[in-house]
């Protein structure tokens, strides 16, 4: 074990800013990318669902107008 | 003999046409008809090999075109919407360079004779910039006169031409057909050509 | 023989990717946990660079991934050009943002490593400079493909960019290295710096595996979005279970 | 071969009728190079040090200016279609266009560079090396540029995109080209740099027309 205490761990021997800046930004960026992509897929799905619902409505209306 | 089997074309995610079959025997013409946006130009570009068909294939003299593209190109003359005329070059230079690119260099006297016949006598050396729209089309049509190609593919060849020029073009096309040439073209107006031919309707 | 072309159709790849990505995401998390454990608790303090050297546990894997992803993009590009499959273009498009992100992270962590070690945020070191150019190549790919409206055309143009780029990457790397030695630049290199202990190698390897799995999961996930965006008129999309409501 | 000659002749003829375009790029080159001493100061030792880099970067930017129009006008007026339908392979005709582009935009830079090098107090020997490096390097710029020009044909914001795509790929040519002059000034001998530049050129001649042709076919489809 390298660290005596939590504060020692966070200080990183004086390099805390650089080490945590690297690790923090890296994982934050990966997380943001994942979230953005999830939003992209969700948005696309919602758009398609709406499109399909509109299509179905138009279809049923068309069918009901026929005698 | 040019044959098409089950050609289909996509534009974006929309299918323009599908299952297009036709055959053009030697000495005959085929007019492609249809409303705007039916894919007439796309069909001609597919046949010329400028665009890829989504489905189907073409045969020239019984051989698949895709397998002998260069040999097919040597027998093909295509005139599209854009006349392929450089504004800074004269009619004569335009004609000679176009012929050289098409693999059949022209000597000056032949080129001059063609330009004179198409009605551009005396304007051969003017920069094409000063020519009218119809005159530029005529420079492009002069390529037909010098062409040895068997298959002509013409996209709206009658556009921007006056009555005299339309008659003249019809004569040129008739001569080509009489020599056993093939012609594939689009036109919005009814065209009276000698010899036999047919029409292909795109769009519902 | 397995019919690979069956999976090459977007309609069958969409559900397959949906089934696969959680597994890769789980693997990424597991490797990441192990890699972080090694990089912070097992790997000893470096006697020259102190704790600051721990940045290489993400810097080096991020650089590896950015180069590797570009090669994979070029691979899909070559497949797309030879077999004219639709899916390969979509895979390239799905990989590009992740690759660009790793290139950026490599530059970012490189700068944060360089400041305490070299005393400057940026040094014209051969590796960092090549990485910067690789980042530009990614940006060029993304800019070109997003400027073309027709996705099929965008895929094909992107494929050419990726292939031209992959031919150039070694040339660029070599030329930058040559340039660097001519100018007697910083001779300390990040990876060569300390005599590499096996534990450190393990840490880097595990983090690289984590990033690798993450990239696979991410590209599978993103390709699902791309497939839906492009195939929205196809009949199979309307029959997907998530579309019924 | 006839078609190749016809394309080269046509593009040279067009450039001769539109002299202003060629001259603009040359003026641009001269002005950019002359701006550096004004921005940095007239110390000859400093100028001699930065001269190879400045001249090369300026040449690179000047060669980019005309890339936009390399295929764009042919695309607009339909000439490109006719080239694609020629029995001569399109890659050969594209090579012809690249050659003409180099003759009108690269070669003038090569000839002008020594004059501008005098502003930076380069020795006659260094000027010679500069000319050779530009002679080998500017065709690479035209070749790689042709790929970029073909890819951005008919694309929104093509001009800026073109530089974004092409400039990173120019880096090896820049490094070896400017490096050759620097190495010579430093007394290290420019042979290594120049032969690497030659190797790049050979690679480009072999590879670039093919890639540009593939990109043009996409633009036509």
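As written, the chains take the letters A, B, C and D, and residue 1 is the first residue of each chain.
In this section, a residue touches a chain if its C-beta (ideal position, glycine included) is under 8 Å from a C-beta of that chain, and two chains touch if they have at least 3 such contacts.
Just so it is clear, the structure is predicted and the values come from calculations on it, not from any experiment.
Contact with both subunit A and subunit C is made by no chain of the assembly.
Relative to subunit B, the chain whose mean Cα position lies farthest away is A. Inter-chain spacing, taken between the CA centroids of subunit C and subunit D, is 32 Å. Averaged C-alpha coordinates put the centre of subunit B at 37 Å from the centre of subunit D. Between subunit B and subunit C the centroid-to-centroid distance comes to 48 Å (mean Cα coordinates, whole Å). Here the spacing of subunit A and subunit D, counted between their Cα centres, is 44 Å.
The set of subunit C residues touching two or more other chains comprises 232. Every pair of chains in contact is given here: A-C, B-C, B-D, C-D.
Interface residues of subunit C facing subunit A in the complex, by the touch rule stated above, are 40-41, 43-45, 50-52, 54-55, 58-59, 62, 97-98, 101, 104-105, 108-109, 112-113, 115-116, 214, 218, 221-222, 224-225, 228-229, 232, 237-238, 242-243, 245.
Residue ranges of subunit C in contact with subunit B, taken from their complex: 150, 230-233.
Only residues 147, 151-152, 155-158, 161, 164-165, 167-169, 171-172, 175-176, 179, 182-183, 196, 200, 203, 207, 211, 214-215, 218, 221 of subunit D touch subunit C when the two sit together in their complex.
Listed in rising order, the residues of subunit B touching subunit C in the complex are 12-14. By the touch criterion given at the top, residues 81, 133, 136-137, 139-140, 143-144, 147-148, 153, 156-157, 160-161, 163-165, 167-168, 171-172, 174-176, 178-179, 182 of subunit C touch subunit D in their complex.
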